[in-house]
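You will see two complexes here that share chain A, one where it goes with chain B and one where it goes with chain C.
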Partner chain A sequence: MQSIQPVTPAITLDVQDLVVDVLTEHGWATVVDGVSFTVATGETLGIVGESGSGKSVTCLAIAGLMPPRQSRVGATALRLLEHDLTSLSRSEMSDVRGRKIAMIFQEPMTSLNPAFTVGDQIAEVLRRHEGCSRRDSKQRATALLDRVGVPDPARRFTQYPFEFSGGMRQRVMIAIALACRPDVIIADEPTTALDVTVQAQIVELLRELQREQGMSVIFITHDLGVVADVCDRVLVMYAGQIVEEASIDDIFESPEHPYTEGLLASVPRMDLPSSELVSIPGQPPRVGAMPAGCRFHPRCSYRRDECVAAGTSPALEWAGPGHVTRCLRHHELTLEGTT
Partner chain B sequence: MTAEPLLDVRDLHVSFSPRTSMFRRHRPVRAVDGVSFALDRGETLGLVGESGCGKSTTARGITRLVEPSAGSVTLEGVDLLGLSGAQLRAARRRIQLVFQDPYSSLDPSMLVRDSVGEPLDVHYRLGRAEKYDRVAELFRRVGLPADYMLRYPHEFSGGQRQRLTIARAIACDPKILVCDEAVSALDVSTQNQIIGLLEELSEQSGLTYLFIAHDLSVVRHISDRVAVMYLGQIVEHGDAARVFGAPAHPYTEALLSAVPIPSPATQRGRERIVLTGDPPDPSHIPPGCRFHTRCPYVMDICRTVAPLPSPVVGSGEVACHLHTTGPQLDGVAVREVNA
Partner chain C sequence: MLKFVAWRLASLVPVMVVVTFMVFGLVLLIPGDPAVRIAGQDATVEQIEAVRDRLGLDDPFLVQYADWVAGAVQGDLGTSLFTSRPVAESISEALPVTLALTLTAIVISLCISVPLAVLAGLRRGTWVDRLATLGSSVGIALPSFWVGLMFVLLFSVTLGWLPATGYVPLSEDPVGWLRHIILPATALGIAAAAESTRQLRGSVIEVLQQDYVRTARAKGLKTRMVIGKHVLKNASVPLVTIIGLQTTFLLGGAVVVESVFGLPGLGQVAITAVTTRNIPVVQGIVLVAVVVAMLANLLVDLSYGYLNPRVRLHD
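On to the complex of A and B.
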């Protein structure tokens, strides 16, 4: 008789206790402080938070893209499939970065080189990482352009980035990211600079490609609408830490951290009658000036003395299956989600 | 008879003539092509559309930061387009602009006290003490402590900088504030704080807004009326509740459906209209209805005849053949086509 085993999904990326320090004018400051998470194969993980929360730095550090002299990156584990990313040399990391991890950024104009044709930039990736011949790489690059929905790919192959619209440039960036069939795509605000109509197209394209190729996606965004649309699971970051992690439905329907509740409440809803806009009072703390106790306490309407006391910095606690929160009071609080 | 509106824009045209090069003849770009609307005192009109639709150019045309090629802009009975020199400068005091990027709209080498007080130097002759008293009062009105006056822009966060640019814009008591993506670069919580400030200013002093933004949920919240632009023309306008609740133009319908709802359950169950392609290039405007190349309801007549505005049930007007020929919707919501 076969024993019933719980199905554990295969882990593509495993990040444990990631710490990133950057050099500021006042010395070293910690901008990512003990971030741990995993990404399952084929899963889309959303990372949300305000600007300065450390969401982009987390991903740059994973991809080995933090500037070496101005930053220090440490982690107890940083594994991508069988690779230990902490032990790789720069050139090995560069190889992994093309073939296993690919990145898509917000600004498709600055991520493309204006002096080379779009086709050359896709083909270069294939020649460098896959060792394709010139002819092969051209053929495959044209096929990729076609796959990401660039009309008339053979002609577009020979054009320069300035001849492409914002949405088309982002499609080109996706083509470059997909060129070596990576295991993880890190998309950092990929639709933020685009019109909503084009955003809908790009989101749909990413969804299709993911289904087709089974890759994992880390989707960094501040737009909770996009998160609701594309993610399976969400990390909420605040002041360099994960403050809550849960499945997409749990995070929206039953948040367990006051910051998440505040974020959800501050998004105006198009499908409900117009109501008063709510905002979280104050500003996130500055780098190098973290409040004692819970980092969110200066802005939290549920704060008590225990949240403010130094030395009681809350740890991530279990709040349900697959759900953790960094709030001392989460047992007593009933927080409001969205419906 | 109704009172005359505060601002009356009639048949505004703005075109740009790209420099002719030796090899190619460029067509003039009709960025704003016959836009008319009126603004009553204390009212907020939202202007929405994709990038390149001419919404920002409309704002710049009204304030004569670019020269309109035809039309009239009447502010309190005076046609701004006929003014020059000192008269124009005096008129500009009554209509002010707030831009998106509070990082580039403040001089980094000037004390914010002097940046905010600069319009007072231009428009009034005040002694130093009196001027700084006024600046302190402006700081109070936008919710900044007066002792921040002796700081430089880099010491302020994005939201605070936007408060500074608003303080500067209201320094000379304008009647109308044109907000061109004024909250788009801010985090949602900060964004709501700034919108709260704008609403407060309007309640206190009857300030009137032309609010331009690509974020439709924000526009819906702040606007009394909304106008939707496509390729240099207004395709639909009306009360915000009517336009968002029962869009009469297929473009408005598609635009609204592309905004993801921050609720996974709702978002999964929504029917989405994904428009294909980018907005056409304003230097090659399609014949007939400008939207026909992307319209899911396109009919033969749309390819040749430009539709004229017709009334919409509830409020406003729409320029679409569906209402007059074919299904003859007669001003009801475009979703009735399928019903």
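On to the complex of A and C.
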């Protein structure tokens, strides 16, 4: 599938037909299968899906962070502004990482090195990419700590990660990601491990920083509430494929894929009287054991013979302007969104 | 940090008291009367009694112990029973040789084990890894005196590159010193290297899977920074523990290797003293060995504070 961004401003990141295989006990297995998308400058793209849907692997592969001997990454195009990421050597890729493309991970408790001060871990990015002296990098790192809302930054600079709370550590991770003013920040479930009140603060901080710096953000999450809050556009991933892509309003109001409908239905609602929790029946397929035909069919309540008969998974089809789905029956189905 | 060091040093005092008490007591339990040996086979009872009186052997145990400790604190470890040469003098002559041998063995073991373990950990499951694992099993199994003999055979006898025996102090001739120390130190260091490689390989593999290593890569750090800084500092904790334990074993192993290579170290002095029941010398050597081992462990504890900041703050 080609990029579906209609009339876009500048494209920051362009991913076409990304395929990632990983080495399992039973040999090579495809975990990301033909993923294509673009991110416009200043845009926030959400990627949602269950664990194992390939959303994190997609982003690790873009950043060149998949382990070399245990994985294979291929793509027809992988462009970050003027850089063709597929043609870069490992050393050239490391020049891009941390400077043009930065990452924030899910586990702030384990993502910082326990043996070095927080300040050093921020400052070393500046020393690596911008050739800062020790003193300059310290000054700038302290300013970054201040910017991400860490109180008393000069003192905090010399402290170790274990002296920080989860929320404060995630702020440090954001400071590290932000240090070189990257063009894209990939935030991989940045709030999942945090308390709800802290989650809101971190999301707010990311939004603020994005407005301020005009960078693009890829927000990986399984929390549709956060998606509604921060994203302009959403990719829904299932079993290594994109199954639906649409603007934030379209996804919530008129989903075109039964899986998306299931995800929306499983968000607990406080405003409706029927308070029973809804979930999608069954389990996502295991890696290397994909069902024939549509990969979602074993769990889909709208399934017909044609969904299985095709043998291969359906292609992405237009369902409206800027809206694609991988469902054969999307014309006949009227799926329920939320309002 | 200073408080941490002071506290650790102070905690050595009770350990020293217990250890010296045992050292002193155990040696007195050795069968045979030193007074009889010194006075000679044909000595009269009066002559033996005189010797015993001169050495204070008739004093109560605690008095003898107190005298010995009082002397030891001032650097006086008594005199040899046969040559009346101060024990402290023999030891201070031989100790540098043994320390040089042990330290060089540790350095050599690190030079072998660190690169090998990092490579094996990074290339887990490849031929490099298998070779390193096999090599460390072999290295642990080989006795150092045998390795030493093989080295002499190959490098001294067959190739004639290095001297087989003897010693030159570092201060007199650094190159000569190195030529004399390199074979025994390598023979001694190989087993240590094998053990360190095994340990460090395991912890490198474990640390490589940590999230913060992924963070370091995501920052765009060069591989040598990711490995040399972020991985090695965390992976070194178990290695340092091993080195601390090895120091004691290496001191023991040095005794054997010294006799293979004819080095005038503590080992030679110890063997002579034990076979002749020269008790003050044996006591002095054991005491020095204990002090060296305790200092090595203190260094290990201090490096924990450096490697793991949490230890430092909770003193």
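Basically, the second predicted complex is superposed on the first by the 327 of 339 C-alpha atoms of A that agree within 3 Å, B and C clash if a C-alpha of one lies under 4 Å from a C-alpha of the other, contacts with A are read in each partner's own complex, and residues count from 1 in each chain.
The rule is simple: a contact is a pair of C-beta atoms (placed from the backbone, for glycine too) under 8 Å apart; a residue touches a chain by one contact, two chains touch by 3 or more.
Predicted model, so just to flag it, every value in this text is computed and none were measured.
A.B. asks: Superposed on chain A, are chain B and chain C clashing or fitting side by side?
C.D. replies: fit
A.B. asks: Identify the partner contact of A:Leu277: answer first if only chain B is touched, second if only chain C is, both if each is, neither if none is.
C.D. replies: First partner only, chain B.
A.B. asks: For A:Leu88 in the superposed arrangement: first (chain B), second (chain C), both or neither?
C.D. replies: Neither partner.
A.B. asks: Of chain B and chain C, which one contacts the greater number of residues in chain A?
C.D. replies: After superposition, B is the partner touching more of chain A.
A.B. asks: Is A:Glu204 in contact with chain B, with chain C, with both, or with neither (first, second, both, neither)?
C.D. replies: Only chain B is touched by A:Glu204; chain C is not.
A.B. asks: Could you say whether A:Ala40 touches chain B, chain C, both of them, or neither, answering first, second, both or neither?
C.D. replies: Touch partners of A:Ala40: none, neither chain B nor chain C.
A.B. asks: Quick one: is A:Asn113 in contact with chain B, with chain C, with both, or with neither? Answer first, second, both or neither.
C.D. replies: In the superposition, A:Asn113 touches chain C alone.
A.B. asks: Applying the document's definition of touch, where does A:Gly167 land relative to chain B and chain C: first, second, both, or neither?
C.D. replies: In the superposed model, A:Gly167 contacts chain B only, not chain C.
A.B. asks: Aligned on chain A, what is the least Cα gap between chain B and chain C? Give it in whole Å.
C.D. replies: 5
A.B. asks: Both chain B and chain C contact which residues of chain A?
C.D. replies: In the superposed arrangement, which is not itself an observed complex, chain A uses no residue for both chain B and chain C.
A.B. asks: Can you name the residues of chain C that touch chain A in the complex?
C.D. replies: On the chain C side, the touching residues are 210-212, 214-223, 225, 229-230, 233-234, 307-310.
A.B. asks: Write out the stretch or stretches of chain A touching chain B in their complex.
C.D. replies: Per the touch definition, chain A meets chain B at residues 50-51, 165-168, 195-201, 203-204, 222-229, 248-249, 252-253, 262-264, 266-271, 274, 277-280, 283, 338-339.
A.B. asks: Touching residues of chain A toward chain C in the complex: what are they?
C.D. replies: 63, 65, 90-91, 94-99, 102-103, 105, 107, 110-116, 124-125, 128-129, 160, 162, 173, 176
A.B. asks: Under the stated contact criterion, what part of chain B meets chain A in this complex?
C.D. replies: Listed in rising order, the residues are 50-51, 157-159, 187-193, 195-196, 214, 216-218, 220-221, 240-241, 244, 254-256, 258-267, 272, 274-276, 278-279.
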